[in-house]
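Below are two complexes that have subunit A in common, paired first with subunit B and then with subunit C.
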Partner chain A sequence: MMEAVRVAATAGLRLAWTAVTSPAARVAAVPRLARACTTIPSKYDERDPAPLFFDPNVQEILKRVTGRNYDKIFRRRYDEKRLSPPKYEFLTDEELGELREEMEKKAETLLQMPPVVKQREPIMDVLSRDPALVGFDTCRYIFTDITYGVTDRKRFIVVRDADGTLRQASWEERDRMNQIYNPQPGRKIRSHRVFEEENLKNVLDREEYEFVLDLACAQFEPDDPEYQRVTGRVYETLEARRCYQILHSTRHYGPLCFYLTWNKKIDNLLTTLIQQEMLSEGADIVRLYYLIHPDSKSAGHHVDLSLPLETIKAYMEQDSLQRAKLQLAIQAYQEIVQQRHQCQEDVKAAHGL
Partner chain B sequence: MAAPVRLVCLSLPARQLCFHPTAGLRGLAVAAVSVRKPSDGQQHPALCGASSPLVQAIRHTSFFNRLTAEQLWKGVTSVSNAGKKQGRGKGVGKKIAKDLNRGQVIGIGRENMVWPGLNAPILRGRELIQQHQLPKDEEREAKLIKIRDSQGKFRMLKLDPLERGWSGTKMPGRSIGAPNAIGEDSFEGFDTKVLELKVVTCMTAVFGRKRRMSIFAVTGNGNGLAGFALSKATTVQDAIRKVKNRAGQKLLHIQRYNDHTVLHDFFTQYGATKIYVKKMPEGYGLVCHRAIRTICEVVGIKDLHAKVEGICNVQNMTKAFFLGLINQKTHQQLANEKKLHLVEFRKEQLNFPKVVASPEDSVVRTRAEIPQEEELDLTRYLMGGRVQLQRKKYPPPYTKLYSYELYLKSLAVRRNKEKVKLDMLVHEGEVKSFYTDKYPECRPMQPKSLRQEQHQEVDA
Partner chain C sequence: MLTGLLRAGVGGRQLIQGWQRGVSLSAARRCEATDGEEEEGRAKKEIDPAKDRTRVIPVEMSLKYLQSEAYQTAYGEDPVWKKYRRNFKGAFPPKKTRKMCIRAGVISTGNPCPICRDEYLVLDPINTNLLKQFISPHNNSILPTSITNLCRKKHRELEVSVHKARDIGLLTYDVPFRRYHYPDYYPKDTPTSTTTTTTTSSSSSSTLTPGS
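Coming up: the complex of A and B.
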């Protein structure tokens, strides 16, 4: 009973606040947690997320949720290149339309999501044991097949240890050899020190999330445990600070949503989306949840595509872990909509329409 | 005035008597008597030092104490008009008037007297001070001479490097402050810079050659308001005051793109001076004639490329530039004229088409409505069909030598070493070789600053 009263009182105050402020201001005013990340990031090491991630329905949802803010997608990157003066052209409507279509395709390629796959298993394959070779040298030898046309993944890289064992190279040795003989741009042989825990914390405190994620994409393969640790850490920090919109219209938003949905942490995300009045995106997240966790309680219910609020409500009633907050947010939103509608009616009446 | 007395012979005591102030008229009378004695005309050197001293009669007033110090100095330092024509009285040999009052105080002179009321109090406690003489100050003369010696030297005005104009201590390029306020309108944020300072002459019937200073200056507030003016006056200060106030009366509003450059490329001319102006991105700077650079600084343009062709006359250049600036067309105007969308493409934004302006009446022409001869290229349209001559750029002559190939080969060896060094500093913390861990003496030479730091750490 007391709880209900408290909830109602807070709802009243919240209503007053939400009526005055804009959605963007509301999200910005949410207090940031001081201890940004006490949770250990979870990795994709048990269940393989790849079949689900590459499922066309899931891909469609993730692409739709990412957003298309062209100013952000095509923003200026600070890559130490000299600026050149802008060029101007007179265009007709048709030419402009054609160019816009080209740009949409370009945006698609720029928003290509880094794949979400299961962590790779360590390689333990031994090809032969030759104890007769013990003492032939003090160092071990790594043999790399540098045939042209062979991809890095399929390349043969074997190691002859000092004790005579001939084995397949481990993943670290493979990465190093591939980078030496077939260097990829943006990748270093010795990994950046930014990915060490202390430095990562530093960078995340400065809120350079996209920078770290882009660097991780360039340096690691998607199934590298290091990559999954770093990205998991960034996603956890964003979740703790509730600033998901920083990654909106970037290629990392899809994997972020997938990560949160995989680990059943979508409540804060839904609250934020409702506060920003992006209900269709919220409904998309819930649909994604049902695709990833088909055994959830409300999954079997009929999902009406035209009523996003109903979808979110259905999820909230059955499967939500932070029901109260979500309920509050939905209530506040409904009341705002009603107030707005009322306001418009009043204005119309005042004008005599 | 006493009658002058002719000098016959002058003995030493007599000479002293001459210049002694207390000689007086009595001495003159005595002298008159004593001098008329040897009328036989013979020179008698033995007469000097004889019975009565010969006194030289002196004037107590002459030009020396009748004229002011200024007039006296003018007599010594001035150069005739003819002399000036030949360049006399300029430079090292120029005589400079010295202020002889410097180093002296009223009340203290060669005789070190105590004048109560002037350089001493009248009463010291209950005691009345009497006029008396103190021992002579030997160093006073030496001090005065020293001051006067140091006075005459012509010292060059010390100009702060930031205040300097285009060249040395000359005025062109230097700031002369904001125009004077008129009533309530104060020219806040305005700065005036001199573009030309000339000495001009004309022949007049009354005075002959009349010399005047002519200043051409431009004023602006760094935010789009600017104006230029030409004024003449007899002195430089008067001319400065006139020109900046006049420039402040003739202000123009100039439109800029994002507050850092012009709206678009254009061509202007005034007289025989032609200017091709190009719009440039942030960070490019002002690559143009120094006069145009000064004008851009006061207007508030930070990035520009301008090529002056024809005659580089500063006044015509300024007029041409201002004409071009005020005849610029805004994006909206261009879109309205052409009835087409004006779209911006930026390389750093992956050439994303950004619609900067659309026709206001939303009537956009279609491909079919545009005649084939119409000029659709914006730069050519704005230049009026003019094309700037692009001179061919030749590689430097040393590229043809064999030694250049050797140099390039040596560069190739070193080209990645900077990155390797940085990488090593990041991962290892210091630049070292494979032997450094095992043999501490195998450590590469550190730069001086680092070595000093290490010494400090060791000491501490």
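Coming up: the complex of A and C.
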């Protein structure tokens, strides 16, 4: 099975490093209280969101909500690569159609959402205890299967501790070994210091949300508690500042909506969507809410695709936590629409039609 | 007397470790030289204050300087390297810039590089306004010395501080795109692999029917 097994001897420094970031310590650091307070980001650590997130209906809604602003999707990347000059070509309609389709596909890949999954459980598998090996060396040995074609998640990594125990490597050790033998671009063995609380606050104050989220995607696995802390922190900041539209047409908008819906915090999002007259997206969010929380009061309502305002109103009446605010937004919207209609009528009357 | 003692020490070491000889000898010679030309040394010590770079300028002062009027009059809106011209013989400049402009705390050249000539320009991760002047606006890469004309020592410092600033998040960049392989995170064929997934999947399948 194992074609090539390589021994990675780890020194004393390494021991200290794993001791600091042991999973048990991190999990213990999150108090139960976190759920009650809104500013502390919540993690996906109780119910598993993966079956819902990967459900085709939910995926379709999230993709639709994300939107397709091609200027934003295909913006210039500042990635230190050589710039290539633009190409201009004469095309027939057919060729143009083909090219459009191709770019649609490309946009689809660029908008691939980072998976939303449950926080991972610490690995505690002990394969064997060999007391005969106690003190065989001062450091631990890590054995990594580096067979070609094995994915990082399925890679076989075991650790022989100094006390003779042979066990499965912990998540932190796995991440480290994977990065050593199968390096991923943008990832570092020691995590970026942006994710430290102080630096993160600084970056978020400068509104570099997409940068932080992209970096978190590159650095962490989606089920890493650290990933969920960072992304949760960014989402909470966006929620507090009501600037969801910054992430519109990026791969992170879907997970943002999913996070807000999961934690029943969509009221402000709906208000901003109504203010920007994106009603169908608002209705989509409400539909997503029903899919995720099927036991909510208004979930049984018949959802009509052609009347987005009715869907939002039904949600507002029974499930909304900030009903007054939402109602105000809806009223304002209706007034604006009415005024516009009136204006058109007046113009028509003035033209004598 | 001191020199004599040193000499004796050096001699002893020479016998034991041959490879240290060069270093020790040079130190002894330096001692001798300073002893011999003490009067002249005094005179020499009075270096031109404009060329003295022994004072350490804190970053905070540099930050203030970049906002100041003095900076505006000196550089205006241009980056600090814009109006610098290299001195070289012939039509083509040497490919590499000089190794360093400051030796032993004194400017050792007549035409120090843009950073070395102004002692209030401090390369530090916090000093992002200065670092941004050395970053290409087109693709975010650090400009080469053929454009900025920094000495190699300062260019190295620049690279280090830019990387540090990017690590802290003071400078942002576009992260390489990561493509996810969804089955790694949610295997569709075997949702019943563990007990936790069975419970959630069954609950979700029941929950999804009214919505869809």
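Following the convention adopted for this analysis, the second predicted complex is superposed on the first by the 315 of 353 C-alpha atoms of A that agree within 3 Å, B and C clash if a C-alpha of one lies under 4 Å from a C-alpha of the other, contacts with A are read in each partner's own complex, and residues count from 1 in each chain.
Here is the rule we go by: a residue touches a chain if its C-beta (ideal position, glycine included) is under 8 Å from a C-beta of that chain, and two chains touch if they have at least 3 such contacts.
Computed from a predicted model, the values in this text were never measured in an experiment.
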TODO: Go through the superposed model and pick first if A:106 touches only subunit B, second if only subunit C, both, or neither.
DONE: first
TODO: Examine A:193 and indicate which partner it touches, taking first as subunit B and second as subunit C; both and neither are also allowed.
DONE: both
Task: Touched partner set for A:70, first subunit B, second subunit C, both or neither - done: first
- [ ] Would you sort A:218 into first (subunit B), second (subunit C), both or neither based on which partner it touches?
- [x] second
TODO: Mind working out whether A:81 is in touch with subunit B, subunit C, both or neither, as first, second, both or neither?
DONE: both
TODO: Determine, under the contact definition given at the top, whether A:91 touches first (subunit B), second (subunit C), both, or neither.
DONE: first
Task: First, second, both or neither for A:208, with subunit B first and subunit C second - done: second
Task: Larger contact residue set on subunit A - subunit B or subunit C - done: C
Task: Doubly contacted subunit A residues - partners subunit C and subunit B - done: 77, 81, 83, 193
Open item on the list: Looking at the complex, which residues from subunit A come into contact with subunit C?
Closed with: 47-48, 50-55, 57, 77-83, 109-110, 112, 114-115, 117-118, 151, 153, 184-186, 192-194, 199-200, 202-203, 208, 211-212, 214-215, 217-218, 222-223, 287, 290-291, 294, 299-300
Task: subunit A contact footprint on subunit B (complex, rising order) - done: 264, 278-284, 338, 340-350, 352-353, 355-356, 364-367, 370, 376, 378, 423, 426-427
Task: Residue ranges of subunit C touching subunit A (in the complex, touch as defined) - done: 138-141, 167-170, 172-182, 184-186, 188, 191, 196-197, 200-201, 204-205, 207-208, 210-212
Task: Residues on subunit A engaged by subunit B in the complex (per definition of touch) - done: 70, 74-77, 81, 83-96, 99-100, 103, 106, 188, 190, 193
